[in-house]
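Look at the two complexes coming up: subunit A is in both, with subunit B in one and subunit C in the other.
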Partner chain A sequence: MLLAVIRREGVDVPALCEHEAIEPCGSCRLCMVEITKKEWDGWKNHVTSCLYPVEDGLIVSTHTDQVMEIRKTILDLYMARCPGSEVIQKMAEEYGIYKTSYITVPDADNCIMCYACTRICEVLGKSAIAAVERGHRKVIAPPFGDVPPDCIGCLSCAHICPTDVIKWNDEDGTRTIWKKNFELITCKECGKNIISREFADYIIEKREVPAEYFETCDDCKRAEVARKMGSLVTRAKEVSL
Partner chain B sequence: MMFRFEVNPSLCTGCRTCELACAFTHTKNQKPGRSRIYPIGYAKDEYVPVTCLQCDEAACIKSCMFDALRRNEETGAIELNLERCVKCEACVAACPFGCALIDNVHEEIVKCDLCGGSPACAQFCPTKALEYKKIA
Partner chain C sequence: MRIESIDQLNQWREKCRTEFEAQKRRILICLGTACRANGAIEVYEEFKKVLAEKNINDVSVEAVTKTGCHGYCALGPLVILEPEGTFYTKVKKINIPEIVEKTIENGEIIQRLLYKDANTKKRVADYNEIPFYARQQRIALRNAGNIDPNQIEHYIAVGGYQGMAKALTQMKPQEVIDEVSKSGLRGRGGGGFPTGRKWATCAKVESDIHYVICNGDEGDPGAFMDRTLMGSDPHSVLEGMIICAHAVGSIKGYIYVREEYPLAVINLKKAIEDAREFGLLGDNILGSDLCFDIQVNRGGGAFVCGESSALMKSVAGEIGEPRAKYIHSVVQGLYNKPTVLNNVESFATVPMIIEKGADWFTSFGTPKSPGTKVFSLAGKIMNSGLVEVPMGITLREIIFDIGGGIPNKRKFKAVQTGGPSGGCLPAEKLDLPCDFDSLTAAGSMMGSGGMVIMDDRTCMVEIARYFLGFLVMESCGKCVPCREGLYQLYQLCTKICEGKGTEEDLELMEKLSKTIEIGSLCGLGKSGPNPFVSTLLYFRDEYLAHIRDKKCPGGVCRNLITFTINDDCTGCLACIKACPTEAITGEKKKKHILDQELCTQCGSCYAVCKFDAIDIT
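Our next item is the complex of A and B:
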């Protein structure tokens, strides 16, 4: 897509909903650019570069006055919708917006409805969360606002969220996300918490990774490698003596 | 041309120069990254430099649901594409040798990529416990 080429050429175009692991969906509208072609006789078009296919003879302008104006308006709207988001504030400041000119959304939760979380859950093969309701009441939620039955507690949605809306909590070997509790695997040697049991089971089943790989933490596994290799070195030294 | 990354623990003195070389090679925003190689002591004054073995049938590649880990056919190293990584830590949990790591400074997952074909740790190792040798 066009955005990848723009990034490759080192041009800075903002985007919030874009991530290489997921399909582009053009929901944040920030990667808007102006395109034209010689044969278009001066006609031009504004498109989201993350969704526009690259073609021969395309002339792309990323920072024209009109494009900047579009981006400023979008960021102004985002400032009204997500007054508490540092990412949005920082981005808006770069475009000279320090205060929104619209009315701030009451009880804003900083979600920009970019669907990055639902798309990454889909890539994982779970689709545990989705957008529910319509219009201004639309939110990302598990089915029926209940505990999501398909969630495996991998935190992909929380990590990919551009405005850090999805909260989770790891405490005493239990992970809580979307109001669902997960048992975290505890290293059998040092007691450190690793990933959630359900996520590990999913990897073991789907990708045929041996289950014993998930029993200890990375520190203990490295120490085990050192012990095993060390014993070989010791034996080699004894033999040579 | 084929190369082999050789680790000879009997030569390792545990000086940790490789750790420094690795951390500074992977510097971002003026902050050294987390080292991908660890000399671990198993007896008094005996060390084994533990690093990624670039397994043929790698558990990290298998466990990554987002295809962020791929083998670089040129160097043979398994490289992590940070643009595709969502930090789910599946590879960290799955690696049987504990060599996919969490870098808390840059908040990303790190693993040895053989520095794209010229490993800094081997260049800096004073006792040649680490060597990057041409084999064919």
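Our next item is the complex of A and C:
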């Protein structure tokens, strides 16, 4: 898509809903650019670069007055929607917006409704959460606002969220996200939390990972490898001597 | 019985026609949605009952035909007696014995049930002489109101499936596309995209399957053209789709009908069943190579699902949200396969173009917008209902000559064309021709053909606020400019209606509108600010009156108006009874007094006063 080419050329175009792990959806509209072609006789169009297929002969302008105006207005609208989000505030400040021109949305939270969480959940093959309702009342929620039956506690949604809205908690061997509790597997070497039991089972089933893979954490695995390497090196030295 | 060839179809047609014409006396009862709501089913049952009891020569119970919508919804339930074409309006169950005895048995016309011309004050007996019908040119609505939508034999008798037969047996797919292209037919759903070009592009795409979709998710407030077509003449829609399937090489079609149209769904499903039974849908239609079937899909009540890409997602069982159409649906549509999506009215028009030829079609309308267009008239208009007129007719002709003008001797103020995404045009634009390009140039649009007429007691700021509110509710919420932008535009409009708006707000709104127009993902968002933009274009004074003078010239915005009682008050007590806050006091035959402290500007007194004694300032 066009955005990748723009980035490759080192041009800074902002985007909030775009992430390399998921398909683009064009919800935040920040990566909008102006395009034209020689044969279009001066006709121009504004498109979201994350969704526009790259074509030969496309002339792209990333920072025209109109494009900047659109980005400013969108960030201004975000400031009204997510007044508490530092990510949004920082981005808006870069565009010279320090205070929203609009009415702050009542009961506002920091969700920018970018669908990154639902898209990553879909990629994982779960679709445990989705966008429900329409328009301004739209929220991300589990089915019927209840505990999501398909959630495996993988935290992908929380990690991909650009404004850190999705909260989770690991405590006493239990993980809680979307009001659902998960048993955590702990490392048999160091006792650290690794992942939720359901997530581990899901990976073992889908990826043919050996069951004992999740018995130790990544750090301990690394330490084990280092130990083995060390002993190999020592033995090699002994042999050469 | 399966029809295997064109000869068999013609034989069957002869049989249907003979039976249809044998019935000299026909009693057509409109069972469209509006007439049903007014008790047309009772009228229908009563006719059958009375005729069965009376046992009159030559007039059997079969003469009573339930038809689809006649279009003159304001006067329903409607009954038309053929062959004379006697047109009875507002018929009630109790009128039936009288109609049977006087008109059917003795040929006597009941004057008081006839249509009364508002200008000449004369009663008109003949259906074709009523101005509402006389000015119309019916192509898409050719059979609406004349046949029983549930009887395929009726449709066959009046020449149905003739266009399809011609396309399948005498024309190659490319010839069909060429004919449609030559006719200049433009998408009747609102976009006005040339139908022929759409079909041609889709046909060229290599794919294992092509889809044909009929968009019946008519959602504009005040628009009901597609409802009528699907409910009154479903076979015409099927026929158009079959012709399209032949042209683009499709085997599967879908009709997407909005949730709120149960009658259309029933009639369409019945029509599909019948068409399958006679082999007009299914494998090797009329012995040709075409195998095509149609399925009805019901919407879930979302306005945005009328947008083509959202509609396709909904058909596929996904959330009905639009996608960016940088790759067009004709290339990658339903299930990512090439798809032709046309509006109900476009499909209903196609059979006539094939049957009678492109030259015949272009003899109507204007060079750039050929043919006719169905408009629904709603709001402050005498003859609310459905009309089909040649393109290029002026707004004045539609609203005043056909629509009968504004009721209660009020003045015309504006007409909204194209639904919430369209715009409001003022009286100065009444002589504008109704075609795709003229309406767009005037800052509105053709849209699907809904017209909402407003009188001088309408506040244009409030209208903008109302339609923005509608769009805020119906935005899918996928992209920011539409979801957040329209919400803020609505809030600012509300602020102005409450008398708290400033001129800076107006500037901010104009700036925001521009971003929403350019920045939104789909057509709904891009046209979302139109209720505001078009009212500001023609009624800026009214916005300024709200902002600077804190007045509402339309007398609607409650914070900005005052009710007073003038000297025309006869002391009839009606307003005293109507006032919910007991703000009005007084005695019989003496001028009443209104206490401003208690008045909540609800307008109840104004609504009940018969003497124009309530002033709104």
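Following the convention adopted for this analysis, the second predicted complex is superposed on the first by the 220 of 241 C-alpha atoms of A that agree within 3 Å, B and C clash if a C-alpha of one lies under 4 Å from a C-alpha of the other, contacts with A are read in each partner's own complex, and residues count from 1 in each chain.
Criterion: contacts are C-beta pairs under 8 Å (C-beta built on N, C-alpha and C of every residue); 3 or more make two chains touch, one makes a residue touch a chain.
Computed from a predicted model, the values in this text were never measured in an experiment.
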Taking the superposition as given, does A:I120 touch the first partner, subunit B, the second, subunit C, both, or neither? first
Does the superposition put A:K138 against subunit B (first), subunit C (second), both, or neither? second
Have a look at where A:I74 lands relative to subunit B and subunit C in the superposition and call it first, second, both or neither. second
Examine A:C25 and indicate which partner it touches, taking first as subunit B and second as subunit C; both and neither are also allowed. second
For A:K44, using the defined touch cut-off, is the partner it touches subunit B, subunit C, both, or neither? Pick first, second, both or neither. neither
Applying the document's definition of touch, where does A:T234 land relative to subunit B and subunit C: first, second, both, or neither? first
Which superposed partner A:K192 touches (first subunit B, second subunit C, both, neither): neither
Shared subunit A contacts, counted only where both subunit B and subunit C touch the same residue: none
If we count contacts the way the header does, which residues on subunit B are in touch with subunit A in the complex? 9-10, 38, 40-43, 46-48, 50, 59, 62-63, 65-68, 81, 83-90, 92-101
Residue ranges of subunit A in contact with subunit C within the complex: 25-29, 32, 46-48, 51-53, 66, 69-70, 73-74, 77-78, 80-81, 101-103, 105, 112-113, 115, 130-131, 133-138
Touching subunit A in the complex, subunit C uses residues 302, 304, 319, 323-324, 326-327, 472-481, 483-488, 491-492, 508, 511-512, 514-515, 518-521
Once bound in the complex, which stretches of subunit A touch subunit B? 19-21, 120, 123-125, 154-156, 159-160, 185, 194-195, 199-200, 203, 207-210, 213-214, 216-227, 229-231, 233-234, 236-237
